[in-house]
Structure formats: C-alpha cells, structure tokens
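Next up is a structure, given as structure tokens.
Chain IDs A, B, C, D, E and F follow the sequence of writing; residue 1 opens each chain.
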Amino acid sequence: MSDRFTHLDETGAARMVDVSAKDVGSRTARAAGRVLLSPEAVALLRSGDVPKGDALGVARIAGIMGAKRTPDLVPLCHPIAIHGVKVDLAVTDTGVDITASVKTADRTGVEMEALTAVTVAALALIDMVKAVDPAAVITDVRVEEKTGGKTGVWHPPEERHA
Amino acid sequence: MSDRFTHLDETGAARMVDVSAKDVGSRTARAAGRVLLSPEAVALLRSGDVPKGDALGVARIAGIMGAKRTPDLVPLCHPIAIHGVKVDLAVTDTGVDITASVKTADRTGVEMEALTAVTVAALALIDMVKAVDPAAVITDVRVEEKTGGKTGVWHPPEERHA
Amino acid sequence: MSDRFTHLDETGAARMVDVSAKDVGSRTARAAGRVLLSPEAVALLRSGDVPKGDALGVARIAGIMGAKRTPDLVPLCHPIAIHGVKVDLAVTDTGVDITASVKTADRTGVEMEALTAVTVAALALIDMVKAVDPAAVITDVRVEEKTGGKTGVWHPPEERHA
Amino acid sequence: MSDRFTHLDETGAARMVDVSAKDVGSRTARAAGRVLLSPEAVALLRSGDVPKGDALGVARIAGIMGAKRTPDLVPLCHPIAIHGVKVDLAVTDTGVDITASVKTADRTGVEMEALTAVTVAALALIDMVKAVDPAAVITDVRVEEKTGGKTGVWHPPEERHA
Amino acid sequence: MSDRFTHLDETGAARMVDVSAKDVGSRTARAAGRVLLSPEAVALLRSGDVPKGDALGVARIAGIMGAKRTPDLVPLCHPIAIHGVKVDLAVTDTGVDITASVKTADRTGVEMEALTAVTVAALALIDMVKAVDPAAVITDVRVEEKTGGKTGVWHPPEERHA
Amino acid sequence: MSDRFTHLDETGAARMVDVSAKDVGSRTARAAGRVLLSPEAVALLRSGDVPKGDALGVARIAGIMGAKRTPDLVPLCHPIAIHGVKVDLAVTDTGVDITASVKTADRTGVEMEALTAVTVAALALIDMVKAVDPAAVITDVRVEEKTGGKTGVWHPPEERHA
C-alpha cells in the first residue's frame, strides 16, 4: 500500500510528501457539494421579506477563509500560496448548491483547498439554518475539475458522478 | 426570516447569539457521514500487506482536532469547552463510514462540533487516498442524535434519513 | 510600575495575571471606532446599484470572528468563553462607524474582545475598499461601556471622549 | 460598485481576487497609528523605576506576530510570504506612536499586513496599560507609504493626513 | 495497553477522553527545562552593552502564548480555561533555565500547558540566539509539580530527577 | 549584542529580519530529541497485545502539524513554504527517540521547523503516556544537520553532542 498511498512511507508511517521537485505552475481546482434542507428552510432562504445578504454571505466567507485553513486542518497538506478563491452558493428546490474554485501557482494541486472551502461553507450554512432545520445533510462533495501540474486537465469519471 | 434564523438580527445582519441565559448542562451530539471510494482504494485500505495504522489514524486525529477548531471555522459558533470527542472510521464495501461523538457541559449544543469532526476526518481521509482515488465523494453528513439542553433527546425525522 | 501595570510582575516581566480568585459573572463591553473614507468610497457604499450585502457583511463577520481570536492576538489575554457578539456598521458622510458589543459570564472583562472586534472589522472594511480608497484611516477606537465584575458599570471620562 | 470594489464580483458577492497574473516583486508598506493615553500612563511608561522592557516589548512582539496572522483575520487577504517586519513604538507626551514596516517579494501588496501589525500592537499595548488607563484610544491608523507593484511608490494625499 | 493509555480506546484508537465527570477545581502545574548554550551566547545574554529586554522577553511571551495554543498542538488535549501563566527565564553559566507555572479552575490538569510553555519558550530562545549559537540544546523538560484534582499534590519521583 | 543576535536591532528591539535578499534554494534540516520514559511505559509501547498504531502515530502527526505551526509559535520566524516533513519515532530501552526532517525551497533555513516538529511530537507523546508515566522527560533536542543556504552543510560540533 505504501507505494500507492503516497502519504505513507514504506513502513506505513504518515509523512508530508516532499514536493520540492514538482514544478511551480498555474493550477486550479473546482469542487462542489450540496446541503439538503427542509422545504421550510428553502422557503425562508428564498423569501424576500428581510435582507438575506448575510445568510448566504456568511457561508461564502467561511468557505473562502476555510480554504486558507486547509493546512491547519488536513494533517499532511502542504502550506501553499493561494492566489484566488471563489465560492458560489445557489438556492435550489431541495437546498443549496455550493461550488468552490481555487487557483494557485505553486508546487501542489489545490483540490484539498477547494474541497475544504465547500465543506466549511456547508458547515457554516447548516449553522445558520439549524434553528429552522436541524436535520440538514451535506452531500455529494467532490472534485469536479483539476487543471495544471503533470496531469493536466482532470475530470472525475462519469460513473463516479452519482 | 430574522426571527427564525437566529443568527440574523431583525435587519438580517449576522451576530453571535447571546447564550448567557442558557443552562450549563451535559450535552452530547453524534454526527455521521461517508466517504465513497473506488474498489481499488477500499481494497488497499483492507489489505494486510503493510501497516495501516496511520491511514485511518490520520483521519481520526484530524477529526478530533477539527472538532476543537469549530469556532475558528464556523463564523457564528461559540467557543466552548469540549469534554470528549470520539471519531470512528469503518471501512465498508463502498468506502469509509465516519461517526463522531462530542460531549460538553456548556451552554450550547455540540452538533456543529460533531459535524465538523466528521467533515474534517473525511477531508483528511480523501487527502490520504487521493493518489489512488482522486474521485472520492463525501456524502450523507448529518446529525444523528443530540441530547441535553432544552430539547432533550433529538433524532432526525425518518424521511430525512435518506 | 509593576504594581500598577498588572501584566508585569515586580521585576517588570510579563505574565498572564492569575484570575482564579475573580468571580464568574455576567460581564459586557461595548467598543466603538470609525473608518474615515473618501467621498467616492462613501458614495459607493451608499449606492443602490449593486447588491452591497457582502461589502459591510464581510467586515461584520471579520469582527465577530476577530473577537474569538483575541487570546491568539493579545499575548496576555485569557482565553475565555464568549457568549455573544454583535458588530454594527453604519455608513456616515465621512466613512463607517463600527460598534461591537461582547457578552460573557466568565472571570475577566471582555473589553479587549470588543476592541479587537472593532479593529478587525475596520481592517476588513479597509481591505474591501482599498482599491477605491487606499488612504482610509482607522480612528477613535475605544471602550464605550463596561458592565459587570468588581467595577460595575464603567464609562470613559468625558474629557477622553474626543 | 462591483467593478470598483475588487473584492466583490458582478453580483456583489465576496471573493478572494485572483492575483496569479500579478508580478512577483519586492513590495513594502509602512503603516502608523497612535494610542492616546492618560498622563499617568505616559508617566509610568517613561519612569525608570522598574524594568520596562516588557511593557513596550509585548506590544512589539504582538504586532510582529499579528502581521503573520493577517490572512486569518482579514477574510479576503491572500496568504503571502512575509520577508521582514519591524514595529517601532515611541512614547510621546500624549501616548505611544506605533509604526510598522513590512516587506515581501510576492504578488500582492503588504499594506494590510502593516495595518494589522499596528492595530494588534495597539491592542496589546492597551491591554498592558488598561489597569492604569481604561480609556485609551487607538487613532490615526493609516498606510503611510507603499512601494513596489504596478503603482510604484505611493503616499496618502496631503488632505487625508489629518 | 488500552486500559492504561487512557487516550486509546479498547481497539487502540485515539480519542479525546471524556472529562465531564471530573470535578471543576483549582489546579496548578509547574514545568521546567533548560536550553544549553555556548559560552559566547551566555556571555552575550549577560552583557550589559545593549538593551536585552527583548532577548529573553520574546521567549517569555512565546511561552505564555504557547500555553494558550496547547489544544491546537497536542491532538488529544482538551481546550480549557487558563487562569494564569508565568514563565521565568534565568541565565546560568551553561545556558538558560526556564520554568513555567500554569493555573486553572477546570476539569483537567494543566501539566501539558506548562510543558508546552517551557518548550515553546525554549524554541523561541533558540531562534533568538541561533545566529550566535546554532548548536543549542533543549534538555530536562519535565513536570516539577502538580496540584489539584483527584491526585492532590504530585512531584516526580527522586530517581527521575536526573 | 545587537549585531550578533540578528533578531534584535541596534536598540535591542525585536524584529523579523528582512530575508528578501536571501537566495531561494533547496534547504533541509534534521533535528532529534528523546523522551525518557519509565520501564513500564516502554514495555506498554512495545507490547503487542493491542493495536499500537495510534500511540506513536498521534505523536508523528502532531510533529508534522507542529512543523507547519512554527511561525505561529516562534515570534520572529518567517512564514515559509514547507515542502516535506518526516517524523520518525523509535522505541528504545529508555524511551522514544524522535527525529524530524524538514525540506523547503525558500529563503530561510528550516531548523526551527525541525526543532518544533520534534518538540511537539514529544509533547504529544507525553500526553499519550502520562496516565502511565507522569514523569516523562524531554531531552537532547537539537539540530543534527542543516543543508542549503550560504552555509552549505552544517553539523553541530562534536563537543556539543552530549
């Protein structure tokens, strides 16, 4: 396994992989996910009765800040320069769709940063609505696209896109 | 909306809700989620060829530490005393099931801490296996049980348990 | 000086003062400050042409999260339980007025938390508008009211309220 | 507004601006500010009766460390390499003048880092003296000079230098 | 082992032990350690030619702030209320002796906080002197005394006090 | 002293040294240290009765994550890109030997990161075993090798290797 799970050495011990030899270059990643909400919570998010800026705005900010905390949260992630983050939230009939795009010009991909942005935005959104809907569910969090590095453009295989 | 989304005041502005008046008391929360993995990644996690301690162990530690970072990540969460955290990971045929249990004796519930533990453990696991399976998916992250506080014991309604 | 500057011991060395003997009790603090902006920046903040939710919202969230980071930033501050934070931003003819109210039921006052909330909100606001106004100024940051603890209700003396 | 406030996209949503295309180059920023103190506090800071090293020293260290925390505090700031930080504190007749100089060789300016260093140093100083002077005021925090990047050398316009 | 190493459950998996049932009470811990330095470095620390406040002062502040970061650094440590921290540094003929005293009124002992304060102060000191002495050594870091909790007053056995 | 202790300016004030002029280049550092444990604790760490993965694994992860926190802990350390970290723990007859290797391609050496990794791993290990051995001692923490930068390969002088 150790020669497959690159974060483990030949004895199975965790390590932060040496990326010194990797090229510095433009890399992007886009991740997505969904928070499933009750009809009542969706209706409130859609209603125009009161300013809603902060409801989704808090989740967006949390996602952006979350991307920057990735190396603090994911033990073997490298601390890298993040050059741009965008987090989009769209209210749907069943909840909120979240997409995060992250860009860097560093030695490692930024898919973990994009996934962290999506999940932290989702956590913040659930925290915002939990008084109305304590049964929210985070689902379908996945990398949708990666570019740059040795691999070039990558998309998940069709059959994994449930 | 403002009188329903308790994190928003009457103008829709975000705030950290005043919990001074809430009782200090024993509260617990259990959250769960799953990481869907490729058959190859599952086989490697199950194989006995090399020490696997760190593969799931890193995710477990990340989840426990993640619970402690909740107020840093979720903007309106209160910083509270966490009295116990347990994160379990079980390899299944389709991936890894994650459960996190958090306990406190403070003024707010700990469901956000439990959800954060699950999602951070999931992120760390994906980071560990991403060289083998770059298309892993986090799914079904939700609160399974809450106890304590005014509400007492709470479980999500049947129909939300997809 | 050492018997006056309580953070210094008798040799002038810094210490985190022992507060074990202090009462646990409800304490609040309110701090305020202003960011002076160019007329152009004020006009943009006031214009209704585009959604503005995030412009002031980011500063508000930053202030709330900043309050929680106080013990990380201010070396001798005690890590305490924060029970509520409210950050208000009001656009005026000359900039933005910021007020932060913090509540706790712990052993120390929360004036540093309130001051930190105001200054971090001010920094975030300046960051938001700096492409339009790179010469913004933070001014008049001060504690306006403290309640609780041995002192009871405290307001700054008139002559210090420039 | 969105085409002026660069941190907002065309819908008004916050984002971390993509700086990939910006040049890596030497950039500096100097910010300044003042903490207004009571005559008694000034006298104590000036008195030679006891070692004073730590009184101003704590504020200086807090400012330097604060500069490093800028991306944690200011939601849309990029995490960047800081190559040098200097924080000076000078006791005056009315309080303490604080100046912070920050240097980098990265893609963004460091004026937010310099402003953060000044404000965190100011907060730490207020915390040090608050037993003697609970009515301290932070004022006149502003960028004094920026060099590097597309803009070259920048100083605030005369009329903003109140 | 699992019934001895309390941080491991019966399967050997790490967990944050549930301390809900422990008494809240006054607890203290004192830890000590030494940094061995070259005669040249010791002479410089002792010389009176220039202000030395910051040389040891930086290490002292780092130690105090380090105590507050213990739950961020030590994975299974509980986040607790720290009520007082004191870090003393004494220059000796062979280096610098460091002692840290930590006090709380919470559910767990604070020996990890005291040990963290000593080691972080030692790291900061080494960083300060490394241009003069790159071969500094941290040694003899240990708990010297604990009070409070079920155990009452505890001192290390004689034979462990090398 | 100020012209020797590079972190102090000519007045003795602390500063983060400007490293802009230093070369970006491959640099490595290896640090080591030991945790002295009771025979009982050593026996438990060596026993095969229960899974031990997490016992040493937690310390290893803590060390790797600690390396990333170096600029948060050591006040004047530069935040730098870490390209690889490896932490090894070996159980001996008297305790556990810890070695940490850190690699970067940045402007400063990484000896502080390596020392921090060793000490944080040691703290985490002590936390894991403290129910069995509350008298553990951290000792002999030192840099063993540095490469890169102006100095090239460096080893501590023989006589400092106690």
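We adopt the following convention: contacts are C-beta pairs under 8 Å (C-beta built on N, C-alpha and C of every residue); 3 or more make two chains touch, one makes a residue touch a chain.
The model shown is predicted, which means the values in this text are computed figures rather than measured ones.
K.L.:
Quick check for the class: compute each chain's Cα centroid; which one is farthest from the centroid of chain F?
P.N.:
C
K.L.:
What's the call on chain A versus chain B, same or different interface residues, using the half cut on shared numbers?
P.N.:
Both copies touch with mostly the same residues.
K.L.:
More C-beta pairs touching across which pair, A-C or A-F?
P.N.:
A-F
K.L.:
Cα centroid separation between chain D and chain F, in whole Å?
P.N.:
31
K.L.:
Which whole number of Å gives the spacing of the CA centres of chain A and chain E?
P.N.:
Those two chain centres are 37 Å apart.
K.L.:
Give the residues of chain F that touch two or more other chains, as numbers and ranges in rising order.
P.N.:
13-14, 51-54, 57-58, 60-62, 65, 69, 72, 75-76, 79, 81
K.L.:
What is the shape of the graph in which nodes denote protein chains and edges denote touching chain pairs (line, ring, star, complete, other)?
P.N.:
other
K.L.:
Per the touch rule above, enumerate the chain pairs that touch, sorted by label.
P.N.:
In this structure, the chains touch in these pairs: A-B, A-C, A-D, A-F, B-C, B-E, B-F, C-D, C-E, D-E, D-F, E-F.
K.L.:
List the residues on chain E that touch chain B in their complex, please.
P.N.:
Residues 9, 13-20, 71-72, 75-76, 78-81, 106-107 of chain E touch chain B in their complex.
K.L.:
Quick check: in the complex, which residue numbers of chain D touch chain F?
P.N.:
26, 57, 60-61, 64-65, 67-69, 79, 81-88, 103-105
K.L.:
Spell out the part of chain E that touches chain D in their complex, as residue ranges.
P.N.:
51-54, 57-58, 60-62, 65
K.L.:
Chain C touches which residues of chain D in the complex?
P.N.:
1-2, 4-8, 10-14, 33, 36, 38, 44, 47, 49-55, 57-58, 61-62, 65-66, 69, 72-77, 111-112, 115-116, 119-120, 122-124, 126-132, 134-143, 146, 154, 156-157, 160, 162
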